[in-house]
Amino acid sequence: MIKVGIVGGTGYTGVELLRILAHHPQAELRVITSRSEEGVAVAEMYPNLRGHTDLAFSVPDSKTLGECDVVFFATPHGVAHALADDVLQAGARIVDLSADFRLTDVPTWEAWYNQEHGAPHLLPEAAYGLPELYRQQIVESRLVAVPGCFPTSIELGLLPLVEKGLLQDQRIIADCKTGVSGAGRGAKVGSLLCEASESLHAYGVSGHRHLPEIRQVLSHAAGSPTDVTFIPHLVPMIRGIHATLYCRSELSQVELQQLFEQRYADEPFVDVMPAGSQPSTRSVKGSNVCRLAVHKLIDSDQVVILSAIDNLVKGASGQAVQNMNLMFGLPENTGLEHVALMP
Amino acid sequence: MIKVGIVGGTGYTGVELLRILAHHPQAELRVITSRSEEGVAVAEMYPNLRGHTDLAFSVPDSKTLGECDVVFFATPHGVAHALADDVLQAGARIVDLSADFRLTDVPTWEAWYNQEHGAPHLLPEAAYGLPELYRQQIVESRLVAVPGCFPTSIELGLLPLVEKGLLQDQRIIADCKTGVSGAGRGAKVGSLLCEASESLHAYGVSGHRHLPEIRQVLSHAAGSPTDVTFIPHLVPMIRGIHATLYCRSELSQVELQQLFEQRYADEPFVDVMPAGSQPSTRSVKGSNVCRLAVHKLIDSDQVVILSAIDNLVKGASGQAVQNMNLMFGLPENTGLEHVALMP
Amino acid sequence: MIKVGIVGGTGYTGVELLRILAHHPQAELRVITSRSEEGVAVAEMYPNLRGHTDLAFSVPDSKTLGECDVVFFATPHGVAHALADDVLQAGARIVDLSADFRLTDVPTWEAWYNQEHGAPHLLPEAAYGLPELYRQQIVESRLVAVPGCFPTSIELGLLPLVEKGLLQDQRIIADCKTGVSGAGRGAKVGSLLCEASESLHAYGVSGHRHLPEIRQVLSHAAGSPTDVTFIPHLVPMIRGIHATLYCRSELSQVELQQLFEQRYADEPFVDVMPAGSQPSTRSVKGSNVCRLAVHKLIDSDQVVILSAIDNLVKGASGQAVQNMNLMFGLPENTGLEHVALMP
Amino acid sequence: MIKVGIVGGTGYTGVELLRILAHHPQAELRVITSRSEEGVAVAEMYPNLRGHTDLAFSVPDSKTLGECDVVFFATPHGVAHALADDVLQAGARIVDLSADFRLTDVPTWEAWYNQEHGAPHLLPEAAYGLPELYRQQIVESRLVAVPGCFPTSIELGLLPLVEKGLLQDQRIIADCKTGVSGAGRGAKVGSLLCEASESLHAYGVSGHRHLPEIRQVLSHAAGSPTDVTFIPHLVPMIRGIHATLYCRSELSQVELQQLFEQRYADEPFVDVMPAGSQPSTRSVKGSNVCRLAVHKLIDSDQVVILSAIDNLVKGASGQAVQNMNLMFGLPENTGLEHVALMP
């Protein structure tokens, strides 16, 4: 059994980790930390876990964490920077759900996060936890940075074309729609039901922190600088991200469909739907799947790729567990075979 | 034109007052206050008001407020206590949407609100602003306490029976359901879309602050102590209160229907629906109407009354304007004829 | 492995059965029928099942069904009546999610369902599938009638008091709130998002088909005729039932809490929450749990019991699988340990 | 008073017309037709109209309609084709909310609507009812085709750039999001709350009927063939359309802002928000306003225009009344000054 610790388990990615790990056959949750909720039973804060765990939140402590085999960070940025060294030296591996180790370039990180990078010396060994692109690095790493939710949906949608240099130009547009859980459990006016329901609006038009991450991964996959125009929108639902990706290619519909099916033929968590499909986010609600459909418009070189994930699963905690499975030599889908809740 | 001031206009009852007053033909908004938003244009905070008002929030100041003909308080409890004297002495009348002057008994107020009553000397002249019961007092008063949202829905549903002593016993149950806007615009975790949508739960089972108000009004109408069991529930919608009222009577369905229709025949904002109806909250969304239906169950003395209001309109700001109309001798429905937004 | 057939798998209880059975370690889905969707792949209709099943809908055929060990009926009333004999004679057992075998009294069934009862001769061997009350009968039966969703939530909330005759009188009120999935997947105007969202209304005030079922079970448990006033309300959410139960008792809060905890101490799917709790429906979303809280109001004999289930799981398909587990000697919670999806 | 008739008043655009016309100071509703609901009181079907109208649905009859000054068609396509001649000859003018007279090219209409065009001889006198572009034609016409909801949001967002030839290329993308009321009040599975809530998906990727209309209007405004890639998405809310428009220009942010502000300076129903704004659909819920914001991305020629309307108001019934006002010489905003319902 893998001994698991979670730092910062009170947010939505934290409780989602708990939901997934509660019945993971090879993982055993040992410790979960929260300064603000010290001593509170996890199941008191999240009654869905009553009967599934007896743990209570404790104050983070690198000794206890170090006794785990793996520690998940479900924390705001900066926290993993501060604790990673101690945890790694104590012998535990790290799966970090925050943005701390996603960017390989320190100045870029510092520019977007407005603070000094706290652990640049660890970057060389950090793997970017998108198994569909970096599986081998993940297997060999003791420090994995789980991708952001938007980047996951966008990168999986564009990889087949970008990797092979099949786009006509770089005018890629990623129009993304996210449920409100992407904003976290913080008590913000903009996330209130009375503000966010029965409405939709764009946000971060002038620049969103996931942009440099998307650029880095696509550029690396392409082998040359690659950019996208990325506009997120807030949608009145709890879970789900839908990326609508616009690019141009000379490939036909049939060629595109083949390209995507071949690229993801062996991937357990990427589902290329039949030509003509239009995936809905509810078809992945609560599951670790990314569902893709690729469309070539008639009489045009316009390609439209539709990509749907659950932002808390494939976009966060599910992908984190997928990474853990890889790091510990387990079958990649262990504990991750949830069927989406529909309706 | 009635010169209007609003104290505390940043919450949901404040913006709803602005929506209604923006096109009230006899009211002119002169001042709106908010300490925290001083200098901010109202339409910047509430873009639905762009083009409808040029006002900006200012710091409350009793001189400026006193130059108004009427001042609405859309504030937490305690604020109206502190400012009412000055405003009244400066010559303005007051319509208070808070709980400050609803209860006639000072110790009861202090017990439920956990603080000293700040203006007990004003209670004798405060009218309880339910026009359907206290119209004459309202017309003659310079200080009106707008009823709470739950009390409005419950009292209007029970008045016809209670006033005439037609209930068999006092075992009245008020099972109430409210939209999330009833919790206000404060940034609370429980009001987040991700917490409150796709769910329903009871709250305040051990006691809700609207209970003593309901007791007071029903007892006064009945002429003897009258109590209810009152359980509110939080429903995943923005607006609307639905009270399901259970009591017992020997009246037949036909007699009940007649009783209700006669009681409210001349009331512009109480709609007694035909026998067999089941009003939906959306049928009053954005309007000042209370829709009622009364049912007698077959082979039983059980009466079930269904009462639907928009908590922000008839349950707050619309009723406040209805009171203002009465206080200033205007037709009661002036500026209040909105058709509910449906769908 | 238990060989499983499903008749009528296109509705919401059908797809929920598929979700649960997809990873049930002892069940193997063999056949799923639908006349209207013959030949359509299940995963085409319900894309959440892509990768989880290769089955296609087929026309119902008693020979194929009879080769199963158990057949679930997820059909409108009347269908199980027509097919049960053949299926049972072919050797399969039946778990019926419809209303066909819930009522023991034929005239009552015929009065509420407006048609002749199609299989009265099977009633003597039909067990009412509420394991918390009829576990032994279920274990021994080859024909189980899964309770309705409202009855499940109401009966579990009242059983501890009713069984022991601890209620002061029979004036029990069950004010129930249900998500829209309770209305099924039929294309009805009243179930449209634009009609049902942002609103709440009562329905079936003059009489709901679940009422005779509730009466039958409570009366049997009480040993004497027991009735309730039952008013359902439609709530703008997909899943969830919340029953707010009002009755009267001389027991204290402490005695009530003990009574409930003891009654359900060994029940895997009934969770009696600590005193003072107010369960939310989302805490059981996607799980087979019924969460209960019992409240005694201050200075009163009024008892308020709060009962929350997922109408599609403990209120239908989860409870159906729980029954199957009992009928086949499996641990009762096999394949049913889902953690509720929260948020 | 303008005597008004409505053909097909049972759908969402019909009831929205009723809401707006109920308090229009210069319009008097005389007749409303529906074959299926003949004799039913409008307020019985739409209880929000109780107390606002006594009309009942009647069978369409060109004599009665012809006695009106103006007839609104809120019907499926084909109906206005069949009735327009009679109504016009009887002396009434027509405001058609359907697609019947939007396209000037008959073969295009027939290709997209799969049926013969029923009234090509009327096309020369039909005005396209977008006042911001065709005000003079509308004033002079007796037959106005109200634009589609998506076209309204897209055209208003692009007109300032397209009219002046300020786009760098024709690679315009319109990623649109609509509430479910856009799908109408028909009982379709895809519009059920349980299917459409808590989810988002694209639809019509292979071609949507609003596309030829958008092409026609933009091409006419540009003076040369202009095309867009148009992908609509279904969003879990009742009302609202948000168009996110991507195009390229060498204008700076300041120049773009000036261009938009000048273009719409005199338009009562187009609100160009300050630079940096991100309009939400709720800011126009129930109002006839189109709110726009224009963004130039940093270090790029990428322009992103955000356009929000209420699909049932500026996207249908409100714009229809705006057209009526123009046709009858009234101030354009008569009866249309509703403040959006927020929250």
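We just call them A, B, C and D in the order they show up, numbering each chain from 1.
The definition used in the following text is that a residue touches a chain if its C-beta (ideal position, glycine included) is under 8 Å from a C-beta of that chain, and two chains touch if they have at least 3 such contacts.
Please read these numbers as outputs of a predicted model, since none were measured by experiment.
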Which pair, A-B or A-C, has more C-beta contacts? A-C
Measuring between Cα centroids, which chain is at the maximum distance from chain D? C
Report the inter-centroid distance (CA atoms only) between chain A and chain D in whole Å. 39
Calculate how many whole Å lie between the centre of chain A and the centre of chain B, each centre taken as the average of the chain's C-alpha atoms. 45
Separation of mean Cα positions, chain C and chain A [Å, integer]: 36
Touching at least 2 other chains, the residues of chain C are 12, 181, 185, 194-195, 197-198, 236, 238-239, 279-280, 282-283, 285, 343
In the complex, go through chain A and note every residue touching chain D. 171, 173, 175, 177, 194-195, 197-203, 205-207, 229, 231, 233, 235-240, 242, 244, 246, 276, 278-283, 285, 295, 297-298, 300, 302, 304, 306, 308, 343
Under the stated contact criterion, what part of chain A meets chain B in this complex? 12, 180-181, 185, 187-189, 191-198, 236, 238
Chain C partner, complex, touching residues on chain A are 12, 15, 18-19, 22-23, 46-52, 181, 185, 198, 238-239, 271, 273, 279-280, 282-287, 289, 291, 337, 339-343
